[in-house]
Every structure is written in C-alpha cells, then in structure tokens.
Amino acid sequence: MSITYLEAIREAQAVALRDDPRVFIYGQDVAAFGGAFKATKNLAREFPGRVFDAPISEDAMIGMAVGAAVEGLRPIVEMQFADFSTAGFNQIVNQAATLFWRTKIPCSLTVRLPFGGTSGSGPFHSQSLETIYAHYPGLIVMTPATVEDAYSMLIAAVAIDDPVIFCEHKFLYYHLKAEALPSEALPVGKARIAREGRDLTIVAYSAMVHEALAAAAELAPEGWQIEVVDLRTVKPLDTDTVMASVARTGRLLCVGEAWPWGGVTAEVIARVASEGFGLLDVPPQRLNAKDTPIPYHPNLWAAHRPTARAIAVAARKMLRQ
Amino acid sequence: MSITYLEAIREAQAVALRDDPRVFIYGQDVAAFGGAFKATKNLAREFPGRVFDAPISEDAMIGMAVGAAVEGLRPIVEMQFADFSTAGFNQIVNQAATLFWRTKIPCSLTVRLPFGGTSGSGPFHSQSLETIYAHYPGLIVMTPATVEDAYSMLIAAVAIDDPVIFCEHKFLYYHLKAEALPSEALPVGKARIAREGRDLTIVAYSAMVHEALAAAAELAPEGWQIEVVDLRTVKPLDTDTVMASVARTGRLLCVGEAWPWGGVTAEVIARVASEGFGLLDVPPQRLNAKDTPIPYHPNLWAAHRPTARAIAVAARKMLRQ
Amino acid sequence: MFDTVLDASVVGETDRLRELHLSAYRFMLQARLLDEKLASLYRAGKIHGGVFLSRGQEALSVAIGVSLRKTDVFAPLIRDSAGRLAFGETILDSLQTCLGSALGPMRGRDGNVHRGKPREGYLAMISHLGAMISVVNGTLFARRFKGVKDVVGVTCIGDGGTATGAFHEALNQAAVEKLPLVLVVANNQYAYSTPNDREFACADLTDRAVGYGITPHSVDGTDLTACLDVVGRAVAQARRGEGPQLVVASLLRLCGHGEHDDAGYIDPKKKNSPLGRDCLKVAEDILLNRQWADATEMAVWRNEALRIIETTVARVQREPAPDPFAEHWTAISTRDLRETHDELGV
Amino acid sequence: MFDTVLDASVVGETDRLRELHLSAYRFMLQARLLDEKLASLYRAGKIHGGVFLSRGQEALSVAIGVSLRKTDVFAPLIRDSAGRLAFGETILDSLQTCLGSALGPMRGRDGNVHRGKPREGYLAMISHLGAMISVVNGTLFARRFKGVKDVVGVTCIGDGGTATGAFHEALNQAAVEKLPLVLVVANNQYAYSTPNDREFACADLTDRAVGYGITPHSVDGTDLTACLDVVGRAVAQARRGEGPQLVVASLLRLCGHGEHDDAGYIDPKKKNSPLGRDCLKVAEDILLNRQWADATEMAVWRNEALRIIETTVARVQREPAPDPFAEHWTAISTRDLRETHDELGV
C-alpha cells in the first residue's frame, strides 16, 4: 500500500472530523464533489453534516470560520487555490489574526491553501503566499514537505488554538508517496534534518526540500556532503535547528519557491547573519523564484522557480569558496 | 513660509493634475471634502472633473484605476488608511501588478497609502504594509521620509509607467516641515545618505529615518559617528548605496516600523550578508515593531515600534563589539 | 432585553410597550450622556485617538439591544452606544476601553468602538466595514451546528458600508445558509462626507433584499416607536426561522463623523427635514404624550445616568494604564509556538 | 459586429436579422469546432494546464460579440470562445495562447482563457472571479473622461461569480457612475460542481438589478434569436446612455468545468430539460426553419472552419516556444527601476 501527499491530507481531515466533533470543513465544492483536488473526497458522506459547500465568497468564508471559532468550533476552510485567498485576505489578516490578541479568545481555524507551482498553471494558480501570511502577527504558517508531515501537521493544525495557514503544495499532491501514515510526528514548530551533511546547509521548505535533496544527491558523488534542513513551519521559524546545522557546516544556502523580495529566505538569512554570524565561513546565499508572475509555459516555468540543478550550481559555487 | 509633509503631498498632486491631463484622483471623500487627512484639499475645486469620490469599495476602486490605466490615464487612488487596502489587495497584486508582464500594457497607477503608527490609532489605523506589496513582482513601493521626497517622489510616482504603492507616513503628516518645496530631486530608486558617519550604518525608511537620526544625534556626544541611509523606495531596493555605506562603516543596523517577520529589514540584511559579507565587522542587526497588532494605548504603542532610544541602545551594543 | 409577547391582551400589550419604551429611552439617555462625556473628555485631551458618537442614531440602536436576549449575538458598529448598553454592556466597559484602562475588556490593546466580549455573544468589531457580518453568520452557523436553538444575530452597518464586497458576500451567505441574521443599515445619508448619491444608485437600500432572497424592512430611524416595532419584528421573524432580515433606517447623524469633524458637509435641508429630528427628543415627546413618563422622572433618570457616568469616569481615571513591560508581546495563544527569536534582546 | 438599425423597414429588418443570425451562427460554429480541437489537443497531451470549454454557452456569448463595435470594450470570461471570435479575436490568437507559442499575444506567459489585447478594448481576464468588472468600469470611465462617446463595455460572469464581493462593488460602482456597462451572467446552474441553491437564495439573479438601480434583462441562453435580441437590446440601451444593464441567461454547460472534469454532478433532469438544449443545434434549426441557410451551406461553413483550425494548429505547432534565456525576467516596464540585485547570478 502507498499513500500520496494528497491522500494524507484527506486522511488527516478524516481523523480530525472523527476525533473532534467541533471540526467542520467549509469550502467551494468540498462536499459531494470532494473538492477541486479531491482532498475532501467522501468526507461529506462519511461525516454527514460536517462538510459544507461555500459560495465563491472567500471573504465571507473566512469571516464565517472566525465566527464559528469564536463559538468554539474548529473550522477547516479550503481555498480552491492559494491564489484566491487574496480575496479573503482581509478577514485572515485583520479578523482571524488579531482576534486572540484583542479579545483573549483563541481563534482556532485552519485555512488550507493548495499552493505552489505546477507546470502549465500560470500566474493565478501557482502562487506561493506563505510570506504575506507569515509577515502578519497572529498566524501560524505551515509548509509540509512530506506525506508524513502533510498528515500529522494538518492534524496538529486543527488541534492548535490559533489560526493556521496550511500551505499544501500542489506539485506534491500526486508526485509524493509514502508507504504508510505515521503514528508519531516531530513537534510542530520544529525543523527537520532531511539529510545530514557537513559541508553546506541548504534550508528549504515544501516542494523545494525535494529539489534540495536532489541537488544534494547530485553533489554527493563529487564528494560533498550536503545537509538539508526542512523548515516544516515557516512561522514560527525554528532558528535553533538552522543555526545548529550552520554551526556544523559553516555554509548556508536558503531556497524558496516564493518571490525573492522579503520572503522566508530573507528571514532565515537575516536571522543567521544576526545571531550566528560567526558560524558562517562564506557568505550565506539564497535562491528564490524570479521576480515576475509565474509563467504558464513549462519552459518558462522551469526557469522561473529554483530547481535541483540551479541549487547544485549555487551550492558548488559556495563549496569552492 | 513652511510646508508640511502632508501639504507637500497635496502640492505634488496639484502639480500632477496641472501638468498632465491624464491624471485624476479617486478615493473616499477626496473631492469636495478634500480627503480624511485633507491631502486633496481644494483639488476638486481647482481641477474640476478630475477628482472623484469613491464608494467604500476598495476592490472596485483599484479595478477601476487599472481599467483607466489600460486606457492611458494616470489615476491616483487614495486609500483612506493603508490598513483598508487589504480590501483592495487582490486587485493590486493580481490585476495591477501583473498587467504589464502579461499584456505589455504598462499600468500607470499610484496608490496612496496613508500608513504607519500614530499614538492612539490602534490595530486597524496604524499598519505598515510595504512588505506585502514589495513581495509581489510588478509593484514599485515608495516610502518617502522627508517633505522634499514626499513631494518629488509623488510627482515621480504619477509619471512612472508602473503601479506605485506610495506609502506616506501619517506620523509625518503634520510633524514634519520644510522651508520650501524642492526643485530638484534624487532619482527614484536611489537611497540617500541622510547623515554621514563612519562607525555604523543605520538603514531606515519613512518615519524610522527620523528615529535613526535622533539616535545618531544621541550617540554623537559619545563620540560615535553614525551614518543613516534613507532607503526612499523599498522596492526596488538600492543595495549599492547600502553596501557602499557598510563598506565605510563595517556595521549595519536596519530599522523598520513594520512587523519583524520577512520585511524590509530582513531583505536588506540578507542582501548585505550575501553580497557584502566581507564588509561586515560585526553581525548585522535589525530592529522592527513587535510581532503583534499595533496597540491602541500610547504606552503600549511607544513600546511596540522602534524608537530613537531603542535604536541607540542597539547601536551602542554593536559599537562596543 | 425584552421578548415580544405575541398573544398578549390589549392591556398587557400596552404595558409591554410602555415598559419597552421606558427601558429603551433610559438606555438612549445613558448613551447620549455617555457620548457627551466622551466628547468632552476628547476635547480635554483625555482620550487618545478618535471618538465616534452615536448622536441621532440612538433610537435605532437601542431597538436592537432591547429586542435581543442575552443568549443572542450582537456585533455593533461605530454608532451603537445605545444598543451596546441595552444589550448589556456596562458604562464601565465602555469608559475603560475609551480611556485605555488596563483593566478594561480590551486592556488598552484596542480602543473606542472596537470593544466587545465575544464569549458573551457581544463581538468586538474590526474597523474594516462589512467584515463583521460574516463573522456573525459564523456564530449563528456554529450555534445551529451545536444544536442551540432560538438564537438571533444582529449586526449593523452604515449606508456607506453597503458598498463593500464583504457586505454582499455575507448577506448572500446568510441567505444561502438561512441564518437568523438581522442586518440593520443605518442610512444616515452620508458615508463620512460622501452623500448617498455617490455611494449607491438604487432607489432605496431595501431594494437590495430581494436580490438576496431576504426580507426587507424600512423604518424611520428618528422614531423610537417605529424602531422598536420594526426591529423587534425583524428579530422575531429571524427567531421564528424566517431567515435573514434586512432593516434599513433613515436618519441623520447629528454629529461629526468623529469628534474631529465638524460635519460642515451636511446639507442644511436634510438637517431641517424630518430626518434631522433628534430621536432622543422624539422619544421624550412620545413618553410625555402617552403619559408613560413625566419631566420629573426624566430628570431623575438623567441625573442618575450622569452620576453613574461621572463616578465611573473618576474610577477609570484612577485605573492603571497598560504596562508595556508586563505586556505579553505575542499575538498567538499557543505558548510553544511563539516566535522565540528576539531581536537584539533590547 | 453589427449595429442595431432601429428604424429599418420590415424588409430591411428581416435582412438585418438574417445577416445577424448567419454571422452569429458561423462564429458559434467556429467556436464549437475550435473547442473540440482544443479538447482533442488536451487529450493528446499537447496543451499544458487546463482547457475550459464553452459548449452550450455559444449563443449567449456570440450575441455579445456581434452586438459590439470594434471601438467597444469586451472582457470575456472562461466560456466565451464564440464571443471572442465575434469580437474580432482570430483563431490564431486563441491557438497561440493555448499552445503557448512565443509569438502569441500572451507569449507563453499566460495561457488558455487568460488572453486579450487590452489596447484593442479586448481585456485579458485574470482568474479571480468578479475582478474584471471594475476594470471594464475603468475603461468606460476613462473614455468618458477623454470625451470619447458611444462606447459600451461588456463583461461576463457565471452564476457562481455573482457571490464575489468584487461583483457587488463593481456593479454598484457602475451604477453610481452611470457607466455604459453590460454585465452578462451566464447562469449555467452550477459553479463548478456547486448547484445554484448553494450559491444564492434569490428567486432569480435578475432580482439583483433593482438593488443596484440598473436595468435587468432575462434570456433563454439556449436560443440564439432570444440572445441576439436581448443582449443586443441591453447593449443598445447602454449605448444610448441608459446606464448599466444586467443580462441573466439561463442555460447549461454541456461539458465539464474544465476538460479534466466529467461533470458527473449535473442533474440529468436539467440535462433533459429545455435548459439542456444544445444552442448550436437550436441555432441550426432556426436557420433551417427560416430558410436562412440550408444544410449544404452549413456543411461548407463547417468545413471551412475546420480547415482554418487545422491549418492554424499546424502553423502554431511549428512556432517557437518561449525561450527562458531570451525572456525579460522583469514585471515592470520602467527599465531604471528594475531590481538590479541578482541572486547568485545563476
């Protein structure tokens, strides 16, 4: 038996619905249809009265979820694509994210964002929006890279008393498979060493973890041992694990699929430069998508986002310094 | 005669309206009333048929402006507060910011965002949103710190063929005065050395430039010569000027009023760490607002954002290293 | 808080109406006097930030408060001082918030009209107009989900706020979900300085109701009796399961948008029209005409309210301001997930 | 593109109608055949990303295209292949975009339905539903500002898209500004899989018009004659200065949401109802019944369209794909203000 990243997300929601009567799911086409990506397949049937189709009203979808959270429920809101969450942006950042701080009422609410690039999806079905959410106080931003994490982190997200932006990568939906679902998980908020090495640390998250691992594999025959850190959540950001890795390797390359200005990679490098300056043997570097909308054509798309090859090139440069 | 930052903004719009028949202004209460802050005072009277009141429809306000830009006009949209631009966020980042890249049609459009904290304004009338806009490709983000820049950069913004997010700081509106309006200006996109020094570089923008200057003044009697770099625009970010300053001082402290995760300060430090690592004598540091909504009470507000005092404390620490 | 007794005898009905009016009037009076106090504190520089008053909108607002039960949901907006009091907010809560007391419900974190106690069904508005409506939907949805019956949720918006996308999405959502929502629109003719004709182009805002499949109600917002009747009816209909209700009241704001604003843009013709009547004065006339109260009683109520306000102000002014060093500088509740990264430790 | 001639004689009117129908039919046919080609290219793996078809919606869409002038504004949505062609888009533009040719209007940067030539009044939609309406408002506002007269702007939305805040803000804006906007709602009964009753609760979407103060029109979207009549009338009214118009058409999407979708959720009752009629077939019957065309002519037109499509596909398939190394990787037009910072220079 094997299970995909997407199936893990479905299973996690099934577990959440089963174990906690306060959980419900709200999103466009999530009920009978099972969602645009089938992430809620059969859940409406298995859990009658717990899965609801929403109108195309992202603002009201989040508002409704906040109201339900105030009443002690634990809504999971599916955005059909992360890109459309901009239409619910105001309610996420000003309503959900401020509620606890203003009123002491925790706002337990999970917003599932199918995000990230896939070939041919173009400017409005490919975006990586973790940065804009992580910038706002009051939100937790998860970016699982593995089937296991997709599963256990989503279960954790629903259990957390704060609003969680759950960034699930569409590229991993079908591509990524695991043998079985995990029974144990790393704590939320902790980064993971995805591969050990001692020559260079690549910090990545979500789909880029796999590009980083592929780059590490490419560099291994050349004698380089690359350590890959999977951030898992980008807010809070586990600076300690990153720093400990850099302490071992002395070299830091940070990779993100989002746009270059002011994202996860900038935050990681700024933290390491401030707090772990002495650990760095060479200048820390980063690799992001290009500073344009995400192109539709596969040729352009492949050049727009960081790839294993680009990572390997960057890493080699740093290793030779 | 003296002129305030706010008056400079009004004058700049008058100049734009006078010199270019394609310019018009659209915003809530901007016509007869002259805007919530009086930034468009008398403009409707002086320029009949060029200043229009908008309904409370931020999404449609930006959409309308994009349509007008497609037709070759040069709209200036006033948001009543930057905070409310989240309701027009989708049109800014997905419509205006992508238009040129997708269609070759430049989208000349200026969105004026009265932003930043003032005492007593609370979580929804104090936000600094430059980071979320700068993150998206396709936008220019200006953050003038002086009366002169407020004037000349706004004139430039309207003349630019791309969408400009013009972040005008409400704290500076009445506080900041100049003797006269400038006839010359630094090019847009270039940072400015606001104060020369050789011991430490403080990079700041908008209201924080003045806190940095005050900190520099506080440190001068102690024998420290602090250089203050005013970024002026945060996207594009003038890395060269920052780097040249750090080359002189060897020390970098970056100050922003926005939330700490992933903002201007992270971007600046990441760039300097990557490209100017060798220039740094001590770890670069940054200072931002706290990672909570902006508090209402003056006591909390004063502690939430960086102040001259906090900057001086941080700078002293770095200078002693 | 009163419930509509539907099959009362005529005498009982008159008694009920009298009680309702008297209660409503006293809340209106309190609200007006509290507002006046806030205005004077503002002018004296004792209040930081803005002060937004309800002058002219008390009859409409109070009708909401007295039509609701403690177990209902209420998300007031900026001009609802009367409705807040009638729904159960204390003058203390209000003053603590406006004066930024650390002991108040918002602990100095948020101010003026941005207050509430969500756990008590009393939501704390954010500034973004329209944004509270779907939140009320969510509370009503949740109560139905939990099997709680007999609940109504009311929220308010101005004429200007009806132009927001949030208004539309939320009303539509309430209609699709058949939620017991009552949305009360206070059409005070202006959104800040902008007159109705730059805000919308329908003949009347009630014309929107049919487009959502919800029930419209119109009311003269200066007339307490009409407000109690119409708002009370809308709340009762929602409670009976007749789905969302839209109440549109016509009135005029008899003050500036905030206390910084002299409202010079308000058309004198409107001020001199029936719209410009002071609803408090109208309510007084109603009580006097029906002999439900006399001037002496009213004076007693006024003095009582003034006394409470004054003593509460004095009390709150002695309360501690929030202390930034004692403050928990985190926006999330989960301790383990707070960002541990601390800039410079300064 | 035809203009309504209002005071034509009866004979002239019949001629005009015949011309209009013939022209419309041929665009519908082209659109249908082009769609079928796209579907087969998609199945053959020649098209990256999604393919969204217009099957069942051609009569409504074409009515827009033929009612507009070259100098008007059109912002089509996903199911407007017929209207696009009628407005003047070439089959080449369409195929270049869908196949990602570097020579196409979108240069491989954007794909499928996200195409347009804004300088020609033909806007390129973004995906976010509702977002194009206010952009059309802006073009109309700008033309009025520049003194250009006699312009109409049409844009389209689905039943599902009417639930967006953007829809509301833009319709209201158009009404306040009295813009010559025609918003055409294709109520194909579903938003993706979601049926009308989970999208809105009004009896009919035209009920929304009065709430904006704009003129409603209803039409049977399967009937070409009705569509030409109603859409043509709405466009003419907008052109005459009667303000925004809302056209709501009833029909059924006769395909999946995209070509990945088998549309298994569509109620067979709807399919078998008049809503489920194929508008192309209905149009053919109209032409045959009125003896405006015979089967032979139709076969000629079909073959002609097929030939153009096939040769265009062959041509586009030989065109270069975009080259990432030749690409200008910048999203802004001002050269001096491009970010000069280059990561690693890799």
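The first chain written gets the first letter, and so on, giving A, B, C and D; residue counts start at 1 in each chain.
Everything below uses one rule, namely that contacts are C-beta pairs under 8 Å (C-beta built on N, C-alpha and C of every residue); 3 or more make two chains touch, one makes a residue touch a chain.
Nothing here was measured: the structure is a model prediction, and the numbers come from that model.
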Could you tell me the least number of steps, going only between chains that touch, from chain A to chain B?
1
Chain centres computed over CA atoms; the one at greatest distance from chain C is chain D
Using mean CA coordinates as chain centres, what's the chain B-chain D distance in Å?
40
CA centre of chain C versus CA centre of chain D: separation in Å?
45
Nearest whole angstrom, what separates the Cα centre of chain A from the Cα centre of chain D?
36
I need the residues of chain A touching at least two other chains; which ones are they?
54-55, 57, 59-60, 83, 86-87, 90, 94, 97-98, 101-102, 123-124, 137-138, 235, 237, 261, 274-275, 285-286, 290-293
Mind pulling the residue numbers of chain C that touch at least two other chains?
106, 109-110, 114, 126, 128, 163-166, 169, 172-173, 176, 198-200, 330-331, 339, 341, 343-344
Which of line, ring, star, complete or other matches the graph of chains that touch?
complete
Which residues of chain A touch chain B once you look at their complex with the stated criterion?
83, 86-87, 89-90, 93-94, 97-98, 101-102, 123-124, 131-132, 134-138, 235, 237, 258-259, 261-267, 269-270, 272-275, 277-278, 280, 282-286, 290-293
Chain D residues within the chain C interface of the complex:
163-169, 172-173, 175-176, 178, 197-203, 207-214, 243
Taking the touch rule as given, give the residues of chain B at its contact with chain D in the complex, in rising order.
24, 49, 54-55, 57-73, 75, 90-91, 94-95, 97-103, 105-106, 137-140, 160-162, 187-189, 233, 235-237, 239-240, 271, 274-275
Can you check the complex and tell me which residues of chain D touch chain B?
105-106, 109-110, 114, 116-119, 123-124, 126, 128, 131-143, 145-146, 165-166, 169-170, 172-173, 176, 330-334, 336-341, 343-344
Where on chain D does chain A make contact in their complex?
47-50, 100, 106, 108-112, 114, 126-130, 160-161, 163-166, 191-194, 198-200, 265, 321-325, 327, 329-331, 339, 341, 343-344, 346
